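There are two complexes below, and they share chain A, which is joined by chain B in the first and by chain C in the second.
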Partner chain A sequence: METVIKQSGKTQVFKDKANKVMGISLEDAKLTKSYLSVAFLAILLGGLLGLLQGLNRAGMLELPAWLNYYQVLTAHGLLLVVVLSAFFTIGYFYAGLSHTLGGLLPKVRKMAWIGFWMKIFGFVLAVIPILMNEASVMYTFYPPMAASPIFYIGLVFIVLGVWMCAFGAFINVASWRKRNPGKHIPILSFFATAVFVLLFFGSIPVAIEVFTIIPWAFGWVETINVMVARTLFWAFGHTLVNIWYLTAVSAWYVIVPKIIGGRRWNDLLTRIVVIALVIMNITGGFHHQIIDPGISEPVKYMHVFMSLAIGFPSLMTAYAMFAVFERTARKKGGRGLVGWYKKLPWGDVRFLAPFIAMAAFIPAGAGGIVQSTNQLNQVVHNTMWVVGHFHLTLGMSVVMTFFGISYWLIPYVSKRVLTPQINKLGIIQTIIWTIGMIIMSGAMHWVGLLGSPRRTSYSTYFDNATALSWDPYLFFLAIGGTLLMIGVLMQVYAVFNLMFFAPKGNTEFPVAEVEEDEAPTPRWTERWGLWIVCMIVLVGMAYVIPLVDFIVNAPPGSPPYKTW
Partner chain B sequence: MMHRSEKIWLILSFGMIIGFMLITGYQAFALEMGPPSYGERIDPQKVDETAPFDNPGIKKIGENEYEVVMTLQVFSFTPNEIEVPAGSTVHFTMTSKDVVHGFQVADTNLNAMVVPGYVQKITQKFDKPGEYLVLCNEYCGAGHQMMSTTITVK
Partner chain C sequence: MMKSSVSGFLLLLALMLPPVANLLESIMITHMHMQMPLLVISGLFMANFFQNRFPDFFSNWNENGVPGILLFSIIMMYWSLPRTMDEALTLTSVEAFKFISLPFLAGVPLGDSWPKLSSFWKHALIIFFTILFLALGWLYIWSPVQLCNNYLVIEQITLGWGFISTAFAMVVYLIYSYFMDFSKYE
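Entry: the complex of A and B
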C-alpha cells in the first residue's frame, strides 16, 4: 500500500487511504464479481465439454447426433479461450485499476458494464448456431467453411465489448496520469495498460477478417480470400493467448512476492519485460502458418525470429521469479544452495497454485520455442502435441495462476476472508489439477509425436494398425480429463463459497513493494505512444509483405461451404 | 541493477535463441529441409479442369522417383491407396477442391497445409517398407475423422 500512496498524487492520498481501510467500493466490487462469476461458470461448462471430448478420444463415449464432437469442441474452445480468459482478465484488471488508481471513474465503470453486456449478448448469439449445428467451425472458423452469419455477428459483439473495456481502462489510466504528473503508473495498472493495448490492437485483424466474412456468409459476396482471412486470424489468435499469459505474469511479478512476504523484482526490469511483450507479441502469430502454401521460405524464416524473440522476456521472467523466491526465503533464514525452498509458504494456496503454474511454464515455454522453429513445427503441426502444448501453457500456467488469484481476489471484492478450510480445499484442488494436467498434457504431447491428429473425433481410420497403436495413450486423456473435471468442480465451489458464504472480513489486495534501496525507474518507461509505434512498425514488417502478396496475387476466391 | 548471474543467464538465453535461429536457417537453406511453401495459384472451383489435377495419380518420373498428383476434398484423397517400392523418393503435388485440409503421413515428417486456391508441394523418401497412414489433420467437417488413406511401401 505504501508504494501506491507514494506513487499517487497528494489529492489521491485520501482516496487511497479510504480504499485501504474500507476496501474496494461496492460498485467496483460488483463489476469484478460479475466478471469473475461469468468466468468461472464458463470453466464449469467448458470443463464439462472438455471431459466429453477426452472420453470420446479415449474411445469410451460416443456423442449423440444432436451434440456431436465438433459442436462440443467449438463450444469448448469458445468458452475457455474466449469467455473464461476475457472475463477473468477484465474482472481482475478492473479490480487492480480500482485498487491502484483510487477507484474507477463512474464513466469507466459504465463502459465496463456496457462491455459486459455486449460480450454476453455476443456470446449468446454465437452459441445459438453452435447448438443448432449451424456453426461447427471451431473457434478458428477458417474460411471457406462458413457458419451461420449469426455466429460471426456474435463475434463482432464480443470484440466490441472487449474494446469498450480497453477504452475504459485507457481513460482511467489517462485521467490518473493527468492528476499525478511526473508519477509512474502503478505497476499493476502498467500491466493492465499493456494487456488492454494488446487486446485492442490484437483484435483489429480479426475484426477486419470477420467484417469480410459476414457479407460472404450472407451470400452478398460470392467468394472470399482464404489466405488473407487465415493470416488475419492468426495475427489475433496468438496475441490472444499471449494476453492471458501476460495477465498471469502480472500476478507473478506483483502479487506473489507480497504473498510470500517479500518484495517484488526490480521495477525497471519488470517494466522492460512488459514493454517487450507488448512490442513483440502480435507478430508471433505467424508461426501457426509455417507449413502453409504461398508464403516464401525467407518470410517464414524471418518469422521464426519474430516468434522466438518473445521467448527472451519470458526467460528474463524465469530468472526474476526464482531470484525473488530465493531472496525472500533467505531473508526468512533459509539456508543452503537450494535448502531455502523450505521457507516458502507451500501450505498457502495463493502461493502454491501460481508457483506450480510458473514451474509448468518451464517445459511449456521450452515446447513453445521448439515448435516455433520451421522443421520441428512440421513434425508436430496439427497433431495432439499442439493440444498438449496449449493445455500446459493455458490450462496450467495461466489458469492455475487465475485459480491462485481467486483465493484472495474474490474475498477482497466480496469483503470476506479465505478460511483455512477453503485454503485446504484449494491445496487439494491444486494437486489434483496438477496431476490431471500432467497426465493429459503429457499423453497429448507423446501421442502427437507419434502422429495422432488434433481436432478429430475418435477414429481408428478403418482399423489402421498405426492409428490403433495410439489408443493406449489416448486413454490417458480420459483419466486426466476426469481428474480435471473434479478440479473444476472443487474450484467453482471454492469461488462461490468465497463470494457468498465465507465469513465476513477484510481481505488485502496484495501488491508487493520494490526493494528499499532500488534506484528510481527512469521516465522513458512511460512512453506508451512510442511503444505502440514500435509495435505497429514491427507488425508492418511482419505482415505487409505476405498480406500484400496474398491480395495482389490472389487466386480466384472460394465460395462458402457447410461440410458438417 | 543486474546481478552478475542474471547477466550470464540472459547471455545464455540470447545465445540459445540465436542458436535455434542459426540451426533453423542452416537446415532450411543449406540442407533444403525448409517447410512446404510452394506458392502457385489455382482456381479452387476449376481444379478438375486444371493441369495437372485433371489427371490425378501416381507417375514414375525417374529411377526410384515418383510424382503423386493429388486432390483433397471432403472427405477423401485422390488417388487413394498409393504403392511405391522401398527406397523411392515421392514428390507430392496437391491442392484442395473445397475447404482447408491437412496432409499428414504418420511415421514420416510429411505434414503440409493444403489450402484451396494454392498448389502445395512436399517430398519424402520412403526407405522402410510398410503401410503408412495418410490422414487429414485440419478439421474439415462432419467426416473429418474418416478422411484417410494409405501409402504402401514394398
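Entry: the complex of A and C
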C-alpha cells in the first residue's frame, strides 16, 4: 500500500465511506430520479401507443386522420427505443458510478444535467414534426424517406446529450483511477465504461448520417447515397441494441447474485465478456441489411460470421448465470440434479423479473440466429416475425431486467424501502408482463411466418384470402398488447410509489462480491485504449469493403420522398 | 506454454488448407489484411517453441530485440508491395515463401523481440508502420493504374482505405499512450 495519503485522498476516503453508510448523496440521487422518471413516463406513453397499434392491427380500431398509424409507430419506436432505453441506462449507470466510485464529481453531475436537457430538448424538437405528420419516417428514418429537417436537428441534440453523459462517465472513471492507483475499476463501473464507450463510438456513424441528411432534407443538396445512409444507421442501431443488452447483462452478473445471497461469477471472465462485447459489437450492424442490394455475397457471408461471434460471450453469460444460481442454491442446502432451484427466492421480484428476462433470452437468441442466416432471413425479413423478435429481446429480456432493477434502485435513490405490498404487485406485474409478451410476441412471430408485413396499418388487401388468414393471430396480438398495457400501468404505479410514497428507510445498492478464493484479476483488463483500438480495427475490417464499394460504384443518389 | 505453440501451428495448417487460402486470396484486402496478419499471428504463437529449443541463438543474436524487429519489418515491407502479392498468386515458389516467411521470419522474431524492446523502440515501430501504412494507403487509393494483374482497381482502392483505417487505429493508440501515463495507475 502507498504510505502517504494526501489531503484530498483523505477526504475522498471519508466520502467513500460516507457513501457506503449513508447511501447516495442527494444531488446524485436527484439526477438518477430524473432520468428514471423520464424513462418510465416514456414507457407509459409508448405502451399506450403500442396498444393503439395492436388494436389497429387486429382491425378493432381505426385511427383518426390527425393521428395516423405511422405517426403512432414513429413515436412508439422513438419513445421506447431511444428515450426509455437511453434514460434508463444513463440513470442506472450514473447511480452505479456514484455508488462504486464514491460519488459523482460536481463537474460530471453538471455534464449529466446538461445532457439531460439536451436530450429532452432534442426529443421535443423531434416530436413536433411527428405530431404535425411531417416526420412519419419511423425511428430508423431511412432515406429516401425524408422528414422535416427539424426532426433531424432534434436527433442531433439527442446524440450530443448522450455524448455529454458518456464523457462525464469517462472523466469520473479516470479521476477515480488516478486516486486509486493499482486498483481495478469496480465491476459495475467497468460495465458502465463499456456501455458509454459503445454509446459514444456507436453514435458516431449515425451522427455522420444525420449530418448528411440535414442539407438534403433542407434541399441544399439534391440527392443522397441511400446505401451509405442505411449502413451508417445500422452501425449505430445494432450497437444501440447491444448497449441495452450489456446494461441488462451488468445487472445479471453483478446485482442478481447479491439478491439471491450469493457471490458473483469469476471477475476475470466477466471482464473478458465485457471486453469481447465492446470489441465485436459495432460490426454486427450488417445483419439488418441481409436483403439490401449492393452488398456482395462474400461480404454478407463475412458479416453473418461477425454477428454470430456475439453468440460466444452470450453463451458464456448463460453458463455463468446458471453456475451462480446452482452454486448459491447448493450453499443454501439445495439438493439433487435440478432440485436446487427450489432454494432460489422466487417470491422476490428483484430476482423473479430478471430471471424471466434471462430465460426469455434463450428463445430470443435462437430467433436472432435464425434471422442472421441468409436464407431464413429471406423468409422473415420485414414481416411481423421481426417485430416479435425484438419485443422478446428488448421488451422482455431487457425491459424486464430494467423493471427488476427499479424495485431496488428507486428505493435506493429515494431513500425509501420496497414494501411487501409493492413486491407482491411487482410479482403480479411480472407474471402479467410475461404472459402478455408471450402471447403478443408469439402471435407476431407466427403471423410473420405467414407473411404479414411489419410497419403496415390494418388492411385486408381487398379481402385477399391470405391476408384474411392472419386475422386470428392479429387478434391474439391485441390481447397480448392489452395485458401488456395493464402491466405498464402497474409498473409505472410501482415506480412512482417507490419514488415518492413508500416508507422512508435505507435500501442497499446490491453489488455482489467475488468468491473468496478467486485469483486476482490481471492488470491487462484495464487497458481500455487497447480495446478501443481493437474495436476500431475490427470496424475497419467490416466496413471498409462495403463502404468503398457503395461510394466508388455509387448509383445516382436519391432525391427526398414524402411517402405518406 | 507448449499449448500456444501447438495452436499456432494448427492455425498455420488451417490457413494452408486450399479452400481457406483460396477464399482469403480471392479478395485483395482479405489477402493482405487478413491472411498475412493471421500468418504472422501463427508465428507469434509458435515463438516460444523456438525460444525453448534454441535459447542461445535468440539471446546471442537478438539480445535487445532490435535485430528481430528489423527482420520483421523487412519481411512486412516486402509483403506490402503489390508486386509480391501478384507473384504469390502466380508462382508457387513465392506462395510457399509467403507461408514460410510470414510466420517464421516475421511472427517468431516479433514474438521474441517485442518483450525485449524498450518503450522507445515499441513506439518507434508503431510510428514507422503508421507512416508506412499512410503511404501505402495513398499509393493504393490514388494510383492511376491497376497495380496487380490479379485484382481490380476497386479492390485496390478498398485495400488503400484498409491501410488508412489501420493507420488511424494506430494513431489513436499512439495518442492514447502519449496522454496516458500508466505509472500513475499502477
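Operating definition for what follows: the second predicted complex is superposed on the first by the 551 of 564 C-alpha atoms of A that agree within 3 Å, B and C clash if a C-alpha of one lies under 4 Å from a C-alpha of the other, contacts with A are read in each partner's own complex, and residues count from 1 in each chain.
Rule of thumb we're sticking to: a contact is a pair of C-beta atoms (placed from the backbone, for glycine too) under 8 Å apart; a residue touches a chain by one contact, two chains touch by 3 or more.
None of these values were measured; they are calculated from a predicted model.
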Overlay on chain A: chain C relative to chain B, clash or fit: fit
Angle at the Cα centre of chain A, taken between the Cα centres of chain B and chain C once the superposition is applied, in steps of 10 degrees: 70
Partner chain(s) touched by A:Tyr142 [first = chain B, second = chain C, both, neither]: first
First (chain B), second (chain C), both or neither touched by A:Tyr561: first
First, second, both or neither for A:Asn266, with chain B first and chain C second: first
First (chain B), second (chain C), both or neither touched by A:Pro181: second
Touched partner set for A:Val552, first chain B, second chain C, both or neither: second
Dominant toucher of chain A (residue count), chain B or chain C: B
Contacts of A:Met541 with chain B and chain C, given as first, second, both or neither: second
First (chain B), second (chain C), both or neither touched by A:Gly529: second
Contacts of A:Gln378 with chain B and chain C, given as first, second, both or neither: first
Touching partner for A:Ile171 - first (chain B), second (chain C), both, neither: neither
Distance in angstrom between the closest Cα atoms of chain C and chain B, superposition on A: 11
Chain B/chain C common contact set on chain A: 553
Interfacial residue positions of chain B with respect to chain A in the complex: 1-3, 6, 9-10, 13-14, 17, 20-21, 23-25, 27-29, 33-39, 41-46, 74, 98-100, 102, 104, 106-107, 109, 111-120, 131-133, 135-142, 144-146, 148, 150
Chain B partner contacts - residues on chain A that touch it in the complex: 68-70, 136, 138, 142, 144-145, 226-227, 230, 266, 268-269, 289-297, 300-301, 304-305, 308-309, 311-312, 315-316, 319, 323, 369, 373-375, 377-379, 381-383, 450-451, 453-459, 461-462, 464-467, 519, 553-559, 561, 563-564
Chain A partner contacts - residues on chain C that touch it in the complex: 23, 26-27, 29, 33-34, 154, 157-158, 161-162, 165-166, 168-170, 172-173, 176-177, 180, 184-186
Chain C-touching residues of chain A, taken from the complex the two chains share: 177-178, 181-182, 298, 523, 526, 529-530, 532-533, 536-537, 539-541, 544-545, 547-549, 552-553
